[in-house]
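Naming follows writing order (A, B, C and D), and every chain is counted from residue 1.
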Amino acid sequence: MSAFDLPRRLAAEALGTAMLVGTVVGSGIMADRLSDDAAISLIGNTIPTGAILVVLITMLGPVSGAHFNPAVTLVFWLRREVSAAGAAAYVVAQVLGGLGGTVVAHLMFELAPLQASLTVRTGGGQWLAEGIATFGLVAAILAGIRFRAAAVPWLVGLYITAAYWFTASTSFANPAVAIARSVTDTFSGIRPVDLPAFIACEIAGALIATALMGWLLRPAVRQALAE
Amino acid sequence: MSAFDLPRRLAAEALGTAMLVGTVVGSGIMADRLSDDAAISLIGNTIPTGAILVVLITMLGPVSGAHFNPAVTLVFWLRREVSAAGAAAYVVAQVLGGLGGTVVAHLMFELAPLQASLTVRTGGGQWLAEGIATFGLVAAILAGIRFRAAAVPWLVGLYITAAYWFTASTSFANPAVAIARSVTDTFSGIRPVDLPAFIACEIAGALIATALMGWLLRPAVRQALAE
Amino acid sequence: MSAFDLPRRLAAEALGTAMLVGTVVGSGIMADRLSDDAAISLIGNTIPTGAILVVLITMLGPVSGAHFNPAVTLVFWLRREVSAAGAAAYVVAQVLGGLGGTVVAHLMFELAPLQASLTVRTGGGQWLAEGIATFGLVAAILAGIRFRAAAVPWLVGLYITAAYWFTASTSFANPAVAIARSVTDTFSGIRPVDLPAFIACEIAGALIATALMGWLLRPAVRQALAE
Amino acid sequence: MSAFDLPRRLAAEALGTAMLVGTVVGSGIMADRLSDDAAISLIGNTIPTGAILVVLITMLGPVSGAHFNPAVTLVFWLRREVSAAGAAAYVVAQVLGGLGGTVVAHLMFELAPLQASLTVRTGGGQWLAEGIATFGLVAAILAGIRFRAAAVPWLVGLYITAAYWFTASTSFANPAVAIARSVTDTFSGIRPVDLPAFIACEIAGALIATALMGWLLRPAVRQALAE
């Protein structure tokens, strides 16, 4: 149990998701403006995202667990580490925080606060990519918590750094971030109409990872006791 | 209390700020000379800055606290962790060190020791960006000290790595560094006339972070005792 | 001895090798599509590969040892830390996992599941490079285990990050990954006909490292007792 | 005192310096061949160098101290942590290892084993840069050993990552590496005639750092006892 009360935990989830989305959207705008080479822009989007994840999870993990992601909150609810009401409140805080992050990024770059994204992100390859991206994220978190909890901020930051590149979708892997990215018509945007399939695949990937890691991380000894 | 006397602590603040500014200005010159792509230049400015922050804070933190930043010293003064006289001396050492860093960078690259910058950095988006940048920096430092002091050098290095990209101002977030960057007419410069607004916004961001984190990081138990 | 039974250990080897190859092949496709500058593409291939190695070895090391590489499994068999049967099963899991990684990367990027690579990688310089690359990898692993086991994920990730650039072959250094890269006709591919020489040189490098580090890492005291 | 005998320590110094130079020269060749943008090439030279330093110092530090640098060995000799004869043997091993690293890099890239470099690196700015670069390197090492020995591999790797960019000379900061770079006519080369001034400035920087840090790192308490 966290020593922090629910208002602080929700504030931590909202603040962390806002700073995460602010980084994704803001660095995307900056990188896109500065270069004509899309790979350089993606480097300029990747490095800040990976870096801020290490910072945010270290800062806010002891307060709220630093989910910043409804798919992660779902996993912890399934593992009975958070109540249904707590999980629902977390998700609301994450979505609102994420939207706030987009608004702040837009204001810094002197754009309209909210825009409908026109970036098409759809099709089987993208959907598979979102499933794989979220599968790997949840697997890394669960194994990290099990074996080396202090390393989790690094595992998540480095995992997302890699996943921006190895997935065809640049790895949203987070329904709250996906929603927040649907209201920016910049480098990191996604059409609102493309959201539902992304979110469904993210949840599917999270569920598969929960099941697989539940089996994989149970050592022989504990297994014997369980039989 | 540091085991180091005031002259050593001031020397550490001056040396650290000089090496920080030398890195920001020097790598900016190098990156700008080598590439026509502004995003590549910013990558060549970001990676060295993030890296040297980890080094400098690890090296000099045990001597002086490794503030290198008047906004950070202000926060520690507000928290009664440094005296008013000590804080004032720190700020003088930081500003002088920072100016020294610019001079040394210029001499290495065979430029005039001091130049008036002509780079315009002004407007509401930039000011908001400086406030956000310094807010996040102070929040990361306060949470890091509270939960995982050994990680603070990494948190600051990674935070600034991200903030170079997610803010519209490339995140000065430091009045001493801003002053030192006003006397270089190179990649990282800022017009002297644009300084006051930047510094005001940095201080505002630091104050807001101090207030918010003062509430957020107080766990329920300590809270109960305080009532 | 791992607390995990053989099926879990084999699953960890297959999953880890699949995610490693998926990252190498997937990020290669992404980086190649986004840029016309081959160095930028290699940066976009290097950063994800180094990052995912830190993640995968931290995640799965406690389960299977996180070899993900037949040359590494060979070294541990020579050191009698794994049985012949166990080593053979590991290698099968690694090769199958690696092939699975290529297939998944192709499906994400909407390519045919398997392709014969046409990328020529042959000649004395490349073969020397593969020997050196694997020599360094095994040396880093053996010294890391000896002096600072917790750092091994970082040592491997950083070593491969460097070796992508300092070797003429971009450092395959792994027979299972090499096989998996022979069935993709994308940035990271290698002609099937070029495989045998690569694999032979990788094994030679691993054997030389095992012998040299066996001598180098034996301190004077243990040496005296042994005489 | 190291638990390792002199032959092993010299082998570690030679092997480590060879792998360091092999990385500097090899990644320079690779990065230069792949890109027309000099900043991208420098990124492709910087990341591998920083990464391999973390690996090599972690691997070989417990054996030999992982100097890989005559300027560093000089500092430890001045501090009476190595004998004059030991220091001389270290320097010979470093220089021979460094030359071996250049030869191996050339063979991997199918170049003549040794070449006279034609790259001009001279003038006051460059000399100041070498002095500053080595000053900072030695300061980081001495403070790191004093406050957080386990972090020294990271401090050196990150410091050099920054110094490649903030110095006008791209920070050789190492006489053995400078000598090894005088026999390659590739990206990282230096004309043999430019060596003596570089080496003199590196030694001067190391001596100034030793003196300054000797004062700065002595806390008030120890100071009081010394008076």
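Keep in mind that, in the parts below, a contact is a pair of C-beta atoms (placed from the backbone, for glycine too) under 8 Å apart; a residue touches a chain by one contact, two chains touch by 3 or more.
Chain identities (UniProt): A, B, C, D = Aquaporin family protein.
Just so you know, these numbers come straight off a predicted model, no measurement behind them.
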item: Contacts common to subunit B (Aquaporin family protein) and subunit C (Aquaporin family protein) (chain labels); value: A, D
item: Any chain in contact with subunit A (Aquaporin family protein) as well as subunit B (Aquaporin family protein); value: none
item: Distance-maximising chain from subunit C (Aquaporin family protein) - centres being C-alpha averages; value: B
item: Distance between the centres, which are taken as Cα means, of subunit D (Aquaporin family protein) and subunit A (Aquaporin family protein), whole angstrom; value: 40
item: Rounded Å distance, subunit C (Aquaporin family protein) centre to subunit D (Aquaporin family protein) centre (Cα mean); value: 28
item: Residues of subunit C (Aquaporin family protein) engaged with two or more neighbouring chains; value: 37, 40, 43, 47
item: Arrangement of touching chains [line / ring / star / complete / other]; value: ring
item: Interchain contacts (touch definition) - all pairs; value: A-B, A-C, B-D, C-D
item: Subunit A (Aquaporin family protein) to subunit B (Aquaporin family protein) touching residues, read off their complex; value: 3-5, 8, 11-12, 15, 19, 22-23, 25-27, 30-31, 34-37, 40-41, 43-45, 47-49, 51-52, 54-55, 58-63, 104-105, 107-110, 157
item: Touching residues on subunit A (Aquaporin family protein), where the partner in the complex is subunit C (Aquaporin family protein); value: 37-40, 42-43, 46-47, 50, 123-125, 128-129, 132, 136, 139-140, 143-144, 146-148, 151, 154-155, 158-159, 161-169, 215-221, 223
